[in-house]
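Next come two complexes built around chain A: one with chain B, the other with chain C.
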Partner chain A sequence: MSGHRHGLLRRILFPLGVAFFTVFSLAPFVWMVYASFVPKSQLLSDPFALPPQFTINNYYRLFASANDGIGADNFRHAIINSLGVCAVTTLISLLIGSIGGYAFARLRFGGKNALLLFLLAIQFLPSVTVIIPMYRMGSAVHLLNTWWILIFAYTSFALPFTLWIMRGYFESIPRSLENAARVDGCSRFGAFLRVVLPLSAPGFAATAIFTFLNAWDEFFFALIFTNNYAAKTLPVALSEFTSRHTIDFGLQMSGGVVANILPVVIALSMQRYIVRGLTAGGVKG
Partner chain B sequence: MAGVTLKHLTKRFGKVVAVNDVSLEIEDGEFIILLGPSGCGKSTLLYSIAGLEDISDGEIYIGDRLMNRVPPKARNIAMVFQDYALYPHMNVYDNMAFGLKLRRASKEEIDRRVHEAAALLGIEHLLERRPRELSGGQRQRVALGRAIVREPDVFLMDEPLSNLDAILRVQMRAEISKLHSRLKTTFIYVTHDQIEAMTMGDRIVILRDGLIQQVGTPEEVYANPANVFVAGFIGTPSMNMMQGHLTRHDGALTFDAGSFRVPLGTAAVERATHYEGRPVIAGVRPSAIQALPRGAAGDVAAGAGIVAARVDVVEPMGDVAYIFVDVGGQSFTVRVDPLSLPRVGDVVPLRIDGSALHLFDPESQRAISGAVREPVAAR
Partner chain C sequence: MREANLAYLFIAPTLVIVGLVFIWPLLYSLWLSFNRLNLGVSPNPTWVWLHNYALIFTDPAFSTDVWNTTVRTVIFTVISVPAELIIGLAFALLLNEEFRGRTFFRSVMIVPYAMLTISNGLVWSYILDPTYGVLNVILQRWGLISNFQNWLGTPVGAMGWVIAADVWKTVPFMIIILLASLQTFPTNIYKAAEVDGAGTIQRFWRVTLPMLRPAILIALVLRTLGAFRVFDIIYVLTGGGPADATNVLSYYIYAQAFIDFHIGYASAVAYLTTIAMVLIIIVYLIILRSESAA
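Up next, the complex of A and B:
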């Protein structure tokens, strides 16, 4: 009897469940892509009309010059801001995270365990709790509405995670490899560069992907810390397609598709590194 | 090529003293073994010589040069690790060439040395392979090759054979010994395996809890162990230990275990006379106890070192056999002829050779006297 029930579960219920969650997750994305190619008039009057009238006008308006749409001329600035902020955040996080992670993995120093626990604890801190003090700090040093306040904020969120993951990766590399390199002729830092780093490439890739994607998606801090397109990022730009009196669905949908191209490409092409990154912290902790 | 001198070397990890005031002189070209149980400090001592661990106190000399503040890369040493430590992202050639490239040797020089070492070790056909494509024995050879190309003053080896299977271990033991004969370089070899120590080393340094217990040739540490620990550690199976007293019986100095007595040999009497009437620990190797024919049971003479023993376990091992017996509540291991094995439960007469007894002071655990001749059966 239990074998029969187990077979029913595997053959019917489990695939049904997977199908449901797949549809549930993908439906908004699919709708967004569909709606980005449909004129606004059809979207408002008969969204499921068959056959649908497809147009690329929404994409044209997104990248066209000024006065062709609400905030459209600023979208290109927002793309550049997002790319710049996320790239620099990722680089700084990797640099500090790798060197700091190595220190945690290999060196003996006072307060090491307390510092590790502290890193773990602040990962649970909701980022919204620090927004006001960070805003005041940013204002005091005249960094508001610049890339740097966002880079500072995003790096501070990403670092505990990066440090933790890289520490796990370095600990999984046998010490004897570094010792062999030091005997062969490397300094300690030389052994780190020539042996540890090449072997940690998957860990680097995983943390780079996570850091970049989290920074790319971040909305709240970007909204509070920026007020013009010198620093506004894509999530803020997308939100501005909704104004007080009207919603430009066409720009919103096409903007959303454009904003998602890079994360989707990264996620699909680097998914094995994402999976490795998820499990790396559990290796020889 | 150079010798190594250690002067009052101490290494502490917080409150734990891993290496405790070790002083040692290793001759140029010598093959010296650091032997001891896990946690005795032998690997820490090796890593301190390599410079991979900073020392807390003392001095390290390689040749005439003080090495205390010299980084590992500048000590002209080469090291072979227990897990081989081959760089997984490089092929065998690059693994072996790595140290030479860091020292900016010319391409021709690197090529010559790598091929020479590879030919010596029989791994020329493996130079393009990655470490993951090699067997354990091949990896070990590559690790040796990486050390050889450097032409160091000292080779350091940290239990290089412990990850190999038994057959390969025997093979590689011979290879390393041959390598040492050929290169005539100082080898410092760490192991917990006394068979490796006894078969490979010119001298053995036995360590326990960071302290040197004894330094000597394999023959010396086997025949004249300095204390109870060395006596029990060296030799397989371990030496049998008995608690008792030295008494005089019929005019002869005798070891009295309570249920039996063993008269001492002449030379032992000379060294142990001042212990008459005092408690001692007596050790006797399994090969120094002779199992007598069963018909001799009637000749059991507890005063003449002949005792009746009940057989608890019989272990035939091919060309030798061992029996575990009970003598008046004490357990003994005895080497016997595999062609005439007793059965479990049999009572067999055993003769303990008094001249093969090792006597130790029960408080200090140090040797009072050693055996004056080889035990009854060859080891």
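Up next, the complex of A and C:
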């Protein structure tokens, strides 16, 4: 290969590629943020007018006044619902999934491999399979329009992944460490608490992030299982900004920015956990 | 306590929840699919044997819908997944090179990954809006179009843009999987290929691609499963329109069950969809096994 051709490729095509990649990746997001700060009049006449005028009016209307979207009260409720549902889901999944993962990593029992394969496979079943029966079950036990039906559903989606990842982390911890603790007088549970848990903290971080982000993003179940703001989450709230008579794009975009702050900050700061989690195999994309 | 009993105790909570959310609904929905249950018309389930399945396969009023919906789902999948793979692979190769600011640019891809699927759909519907959409403004300013276009107004346009929006959201997943695999390659493998006189393109086909095979296979299957059940982006961007042009299986089942309240019939369609998905899952597991054995 000639060095000259290589040099040309690197100097011209490569920066172009990186530039294209950056524009491709950021354009819709940047547009959402930009449009949320531009006054309505400018958005409707000339969105690129220079110099751009900026306003926080959209955010003011989002939180402090009656608006054409869903109303400030409802939007605040949606934020609280999202935070509550996702936090509880994450906690329960971590607790239940890590105990299960420990059993798969450390204990001998019949049907282990078949059960693991089954749990791994089941997370890929389409939502439409279970949504009709779950809706009828939820209705029968009066759980529709509560956090609990969403927590229940999201936990079950998260469990196979949590269990799979935590099993991997537990397996990577040498048994000898655990045994040493037990020789020193720890019970099996004591050894788990003092040796295994601290060493598998990165696994907990990765699964917590995935569970939280997936639950925060989930739309289909939230759409079907909730029809008032006792439990409607942010994705559903955002989708309702459009269903009124006129679409207030500025308001809609500012709502989008608010809903995306948490996942974007979490994902950017915890990037390596996301990469690790996704490459651990068997995660739905 | 015996070790196995302790293990079952530890796994029990997972199995109870998974059983209640997957196993019981799977059985319940099988039962529903053998019943007539149309809220309003027949609010109580009536056992009708294979009637709903007969509608799907023999009654043209239904079978045409199911067939077209399935074809659209397949079209959506076979265009979006390869597009994601090609774009994702190109970007992964780009980000695998050494250059200044690489860490920063690797973070860039996390933004579309983290963005809410619904927000993604809403931003695209704003960008594509026939009256206020920024795409029209930009293209007109560059002289590429003379009049504002209704991008989502034609069947092909709507499907194309739904696919584009979905690809945008899912490319980061591809990049992450492929980049992680690229990073495990020993560097001297390229040097060896260079010594053998292989050019950039030959190196890609003979070294990079074969080594990426396991990662590509897994990413392809996972994304196929994801694309096959696409719902959110359709719901916010097109609502299945125009004239059903983007009405895919998930959306069709949703509309049948929760807008038209044909619960029994929707359960039957959902069941057949599930069987198709299970077949893909089995393929996935076989691949996963053979790759980890290799």
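In the analysis below, the second predicted complex is superposed on the first by the 250 of 285 C-alpha atoms of A that agree within 3 Å, B and C clash if a C-alpha of one lies under 4 Å from a C-alpha of the other, contacts with A are read in each partner's own complex, and residues count from 1 in each chain.
Assume contacts are C-beta pairs under 8 Å (C-beta built on N, C-alpha and C of every residue); 3 or more make two chains touch, one makes a residue touch a chain.
Just so it is clear, the model here is predicted, and its values are computed rather than measured.
Asks: After the overlay on chain A, what do you see for chain B versus chain C, clash or fit?
Replies: Because the two structures are overlaid on the shared chain, the partners are seen to fit without clashing.
Asks: Would you sort A:Cys186 into first (chain B), second (chain C), both or neither based on which partner it touches?
Replies: first
Asks: Name the contact category of A:Val258: first (chain B only), second (chain C only), both, or neither.
Replies: neither
Asks: After superposing on the shared chain, does chain C or chain B touch more chain A residues?
Replies: Chain A has more residues touched by C than by the other partner.
Asks: With both complexes overlaid on chain A, does A:Pro174 touch chain B (first), chain C (second), both or neither?
Replies: So A:Pro174 only meets chain B here.
Asks: In the superposed arrangement, which partner chain does A:Ile165 touch: chain B (first), chain C (second), both, or neither?
Replies: neither
Asks: Taking the superposition on A as described, I'd like to know which of chain B and chain C A:Leu213 touches: first, second, both or neither.
Replies: So A:Leu213 only meets chain C here.
Asks: Contact-wise, after the overlay, does A:Ala121 reach chain B, chain C, both or neither (first, second, both, neither)?
Replies: second
Asks: On the combined arrangement from the superposition, state the nearest Cα-Cα distance between chain B and chain C in Å.
Replies: Between chain B and chain C, the minimum C-alpha distance equals 9 Å.
Asks: After overlaying the two complexes on chain A, where does the chain B footprint on chain A coincide with the chain C footprint?
Replies: None.
Asks: Of all residues in chain B, which touch chain A in the complex?
Replies: 47, 50-52, 71-73, 77-79, 81-83, 85, 87-89, 98-99, 102-103, 146, 150
Asks: Can you check the complex and tell me which residues of chain A touch chain C?
Replies: Residues of chain A touching chain C: 1, 6, 9, 14, 17-18, 21-22, 24-26, 28-29, 31-32, 35, 43-44, 46-48, 96-97, 99-100, 102-104, 107-110, 112, 115, 117, 119-122, 124-137, 152-153, 155-157, 159-160, 163, 213, 216-217, 219-220, 223-224, 234-235, 238-239, 241-242, 247, 249, 252-253, 256, 259-260, 263-264, 266-268, 271, 274-275, 278-279, 281-285.
Asks: In their shared complex, at which residues does chain C touch chain A?
Replies: Those residues of chain C that touch chain A are 3-4, 6-8, 10-11, 13-14, 17-18, 20-22, 24-26, 28-29, 32, 87, 90-91, 94-95, 97, 99, 105-120, 122-127, 129, 132, 134, 137, 141, 168, 170-174, 176-177, 179-181, 194, 197-200, 218-219, 222-223, 225-226, 228-229, 231-232, 235-236, 249-250, 253-254, 257-258, 263, 266-267, 270-271, 273-274, 277-278, 280-282, 284-285, 288.
Asks: Going by the contact rule at the top, pick out the chain A residues touching chain B in the complex.
Replies: Touch residues, chain A against chain B: 174, 176-177, 179-187, 190, 195, 198-199.
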